[in-house]
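There are structures below to look over.
What follows is a pair of complexes built around subunit A, which joins subunit B in one and subunit C in the other.
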Partner chain A sequence: MTAVPFSLRRVWLIACVTALEAARQRVFHLVLVLAMGLVLGAHAFREFNFGASELKFMADFGFGALTVFGSVLTIVATAQLFFGELEHRTALTLLAKPVWRAEFILGKIGGVMAVVTVFCALVTLLLLGTLYFRQQTLLAEHPELSESARALDPMAIIAVGVAHWLKFGVLAALTLLIASFARTSLYAVIVGFVMLLICHLHPLARLASARTDSWLLRGVAGMVSLIFPDFQLFDLSASIDSVGAAGAASLIRLVAYAGLYFSVLGSLAVYSFNRREL
Partner chain B sequence: MNGVAAIEARGLTKDFSFGLRGVNIRAVDQLSLRIEVGQIFGLLGPNGSGKSTTIKMALGLLESTQGSCRIFGVPSCEVRARCQVGYLPESPHFHRFLSGRELVAFYGRLCGLRGEELRRRVDEVIAGVGLEAAAGRRVGTYSRGMLQRIGVAQAIVHDPRLVILDEPMAGIDPVGVAEITALIQQLKARGKTIVLVAHELTQVEALCDRIAILDRGRLVVERDLGAEFTALEVSQLSAEHVAELQAWLEARGGVLTTRRVVRSRLEEFFSPRIPATRETPSP
Partner chain C sequence: MNFRGARWLVVITGLGLTGALLRWLSAPLLLHRPAADRPDVRAETFAGAMGQGIALGIFGGFRPLVADFLWLQVQDRWEARDLGGTLGHLRLTTAVDPQPLAFWLNGARIIAYDMTEWRLAGLTRGDAMSESVGKRIEAEQARMALAWLREAERFHPGTPVLQIERANVQLNRLHDVAAAAASYRSAAELTDAPYYAARLHAELLRRLGRKAEAYAWLRKIHPKLPPNDAAAAAGLVLARLRGLEADLAIPPRQRYRAD
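Coming up: the complex of A and B.
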């Protein structure tokens, strides 16, 4: 019997089945409808703009919906799909074939990411369309606002959407790492949300590390800022008004940053799952 | 017993740790077993006796605490060992949104089949388990018996040399049982090795060449079925009971006129060796 090499084809097959299963989950339909509803309804909340321009507010509101519901979708779908395979024992049938566990894990991430991609694309495109129509209306109604109204660049909106998608990729790998050693789906979901919070509060850890005199606190904060990815970096909404070479460079840096964390977290998930008894 | 065995386990042991204090429970204890190529081998035992754990170790899904297991000479922990194995788990679940044909094709593709060969094999195995009419229906609409049959189909789609069937006839109607039985016999006729884990002893007796009985993780009995099995039971009956019965009859003026050899049932052999019920944790 010859050795069985790692196969991207098997990863693809598992990813396709996972994506089909994920797309049938109610959580996907629910968060998609809620996020799209909020994007469409952003105009109704314009009174709460805190002084920002209307279009900027609508964009921020839409990306807020993308962040919240995209995070929920990523964590819940990853945990549910992984534990669904274990609890229904489909993983036993699958891994009794000549399939590497790394192929299984990558297939799961691939399937989740396919659904997250659809989610991000639909919400971002809807937001883009909503902003475009509102921009046209504003330009027609108030010609004097044309300068600020024109400031929203479609490419900048898409770049922010891509940055969110990269963040969800890292979050999916992190959740799968937790799931690879967790015993229940609920545990993986709860710890996933705690990790999401830590990743979003990353700048605070760095600040604490810089300001404190306690070596213990400095050590812990330093460790947190090293181990966990900084999700604030993925928030490019500040650059919505002024995309250009700087925005493109930020995006390229983000791709490298997300790729590094995705690879490390994914590798740890594979290592952990290899040791798991099914 | 020359040549490479389909499955060869040596001193296979599996401990599970439970709780914060790490209480150890031994699920399989020093199991040594050799399953020859071309046999239908029955793995028997009560619930919690270590059958499924043994199978999982043989498939590389569980790591043994001690000992080793080889599939056709290849360590079972290696992925290549599973190229020649088909497996039907107990009470199988599959992706409900796929049709029966898509499901079998999915597992076939995972095993490296593609193109015309894949289509041919999928058609063959679906016909073999009698699911042609329902092959286009979603698996979610299948009855339990149909799930078992599609499970057998996915297990053999890549034409493996070793087929491990965990309770393949559970929940199947008599017609389905007859079809699965015929399919297992066909597989044997084509030189396949089959490991049958079952509780229904009548089916095991009808199909298996050799059996092993596990109890609390230990191998209690490993023996051939058939002539040797029948002869042993007859000799035990003769030695222990018939002469005594004859003497008892003659002392009372009776005469034993007829002796008829009745073949023992496997069930009668199995039950006295295994206590009726027990609470053994099963992983």
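Coming up: the complex of A and C.
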């Protein structure tokens, strides 16, 4: 489609419709309820905590819920919303009008990101509230301990939530790239989860490429570590105490890393979708 | 090349170029992190844990919870005196979450002390009669515990309690007083070290007959001890100084705080 100029307004409209559709999906409600339930219930699991402080354990638990259910939401919603349009033939109707395929892809990713943003914000805020109330209870029970001894920095919690959100952005773009090649949403979802695993195991690929004697394995591992984004960079929850010390510069680097990957993956998804026969 | 193949080639080339470009951006992101949370440091233990079906714990974000459940398994195996099972679960626990020091410290104690007892109890009457077999087992377990603590120090560099634990194993299981004294000293010189590490260093030097060194060490640390902190035991250290002054026959004028 080259007859009309590219329009951000059309991207916006597609994104709004996509976000509305995504918010109506059962998967969104399910993962939101489960994640929030786990965050609220983190306190009940403290009996299983043997290594860390109680608040740290609760924070880890909450971010665990955010990671797992956020990943599920991102992959499933992206694949379903993309293939929903193709399977119901609404994409054909839409693309028969003066709408660029790039606008369609960007609108889809924008809509998914809107829902993921709401999910991340709700879970992070709930976690922040839960930690605050537990901290107050602990302070009331053990007034002899200073507040600083048991407090988690709220800005660090928010920074970790933002890092997760950035990761989901890259994951959504990656899933959309896979979907632009895939023929079914099930295939896109399965490959999306495999990619998620590979991206999380990035350090292993680097280790293998550095240590192995086999040139074949070194080549494959080197390619994997080069091609896939490193999702371990976004996992700040384990080092939450040092997030503040890392400073804004590190967070800006992380934003740049995610932003560049998001742009490249999005552009490749547009390129691939442009060459796809519908 | 067909149409679909060309698409794949463009995508892979695009991602490869992006990956190469972003290496400079991603490398400094790990530098500020504690060693226990650096994926590059953890990669080897990752590899060991992956084969055991606990990927969810590693990449899913529930790492601490999975590690806690694995720690329960350690306790279960420990109660059954299952040496292989306990060691395997200990390794798995710290592979999943190397952050909590409690896992490393208790692991070292289990390896050095409990496992030695289990192995000795499993000896036949003839073997048990042999003192050298017992000593060999004790030394083997101690070295295993020291290797475990070296691994812990990779994740928690400069942590005094790990060095103190190393000194304890060297002293109580390897019976290497000189090595233990050196380890207590390196612990004492770290920030946030407990006061007793410095006292133990001096005590072991005294036991080794290196009383002048012990005296010099205590003279160095005593002025830094807070007088009102019971843990610092400033009075006790002063008493030790006086005892060493008597042993070393130090002239009254040269004694510590002679005035």
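Criterion: the second predicted complex is superposed on the first by the 261 of 278 C-alpha atoms of A that agree within 3 Å, B and C clash if a C-alpha of one lies under 4 Å from a C-alpha of the other, contacts with A are read in each partner's own complex, and residues count from 1 in each chain.
Operating definition for what follows: a contact is a pair of C-beta atoms (placed from the backbone, for glycine too) under 8 Å apart; a residue touches a chain by one contact, two chains touch by 3 or more.
Computed from a prediction, not measured in an experiment: that's the story for all the values here.
Q: With everything superposed onto subunit A, say whether subunit B and subunit C fit together or clash.
A: Overlaying the two structures gives subunit B and subunit C room side by side.
Q: Quick one: classify A:133 as touching subunit B (first), subunit C (second), both or neither.
A: neither
Q: Touch check for A:98: first (subunit B), second (subunit C), both, or neither?
A: In the superposition, A:98 touches subunit B alone.
Q: Given the touch rule stated above, what does A:90 touch, subunit B (first), subunit C (second), both, or neither?
A: Touch partner of A:90: subunit B, not subunit C.
Q: For A:177, select first, second, both or neither according to whether it touches subunit B, subunit C, the two together, or no partner.
A: second
Q: Where does A:17 make contact in the superposed view: on subunit B (first), on subunit C (second), on both, or on neither?
A: first
Q: Any idea whether subunit B or subunit C touches more of subunit A?
A: C
Q: Taking the superposition on A as described, I'd like to know which of subunit B and subunit C A:227 touches: first, second, both or neither.
A: Only subunit C; A:227 stays clear of subunit B.
Q: Roughly how many degrees, to the nearest 10, is the angle at subunit A when you join its Cα centre to the Cα centres of subunit B and subunit C?
A: 160
Q: In the overlay, answer first, second, both or neither for which of subunit B and subunit C A:257 touches.
A: The answer is second: A:257 touches subunit C but not subunit B.
Q: How far apart, in whole Å, are the nearest Cα atoms of subunit B and subunit C in the superposition?
A: Checking C-alpha atoms only, subunit B sits 11 Å from subunit C at its nearest point.
Q: Let me check the overlay on chain A: which residues of subunit A are in contact with subunit B and also with subunit C?
A: After superposing on chain A, no subunit A residue contacts both subunit B and subunit C.
Q: Where on subunit B does subunit A make contact in their complex?
A: 56, 59, 61-63, 72, 74, 79-85, 87-89, 91-95, 97-98, 106-107, 109-112, 151, 154, 158, 283
Q: Sort out for me which residues of subunit A touch subunit C in the complex.
A: Touch residues, subunit A against subunit C: 45, 48-52, 56-57, 60-61, 63-68, 177, 181, 196-197, 200-204, 206-207, 223, 225-233, 235, 237-239, 241-242, 245-247, 250, 253-254, 256-257, 260-261, 264-265, 267-268, 271-272, 275.
Q: For subunit A, which residues count as touching subunit B in their complex?
A: 1-4, 9-10, 13-14, 17, 20-21, 24, 88-90, 92-100, 277-278
Q: Subunit A touches which residues of subunit C in the complex?
A: 3, 7-8, 10-12, 14-16, 18-22, 25-26, 28-30, 32-34, 36-37, 39-40, 42-44, 46-47, 50, 55-56, 58-65, 67-69, 71-72, 97, 99-103
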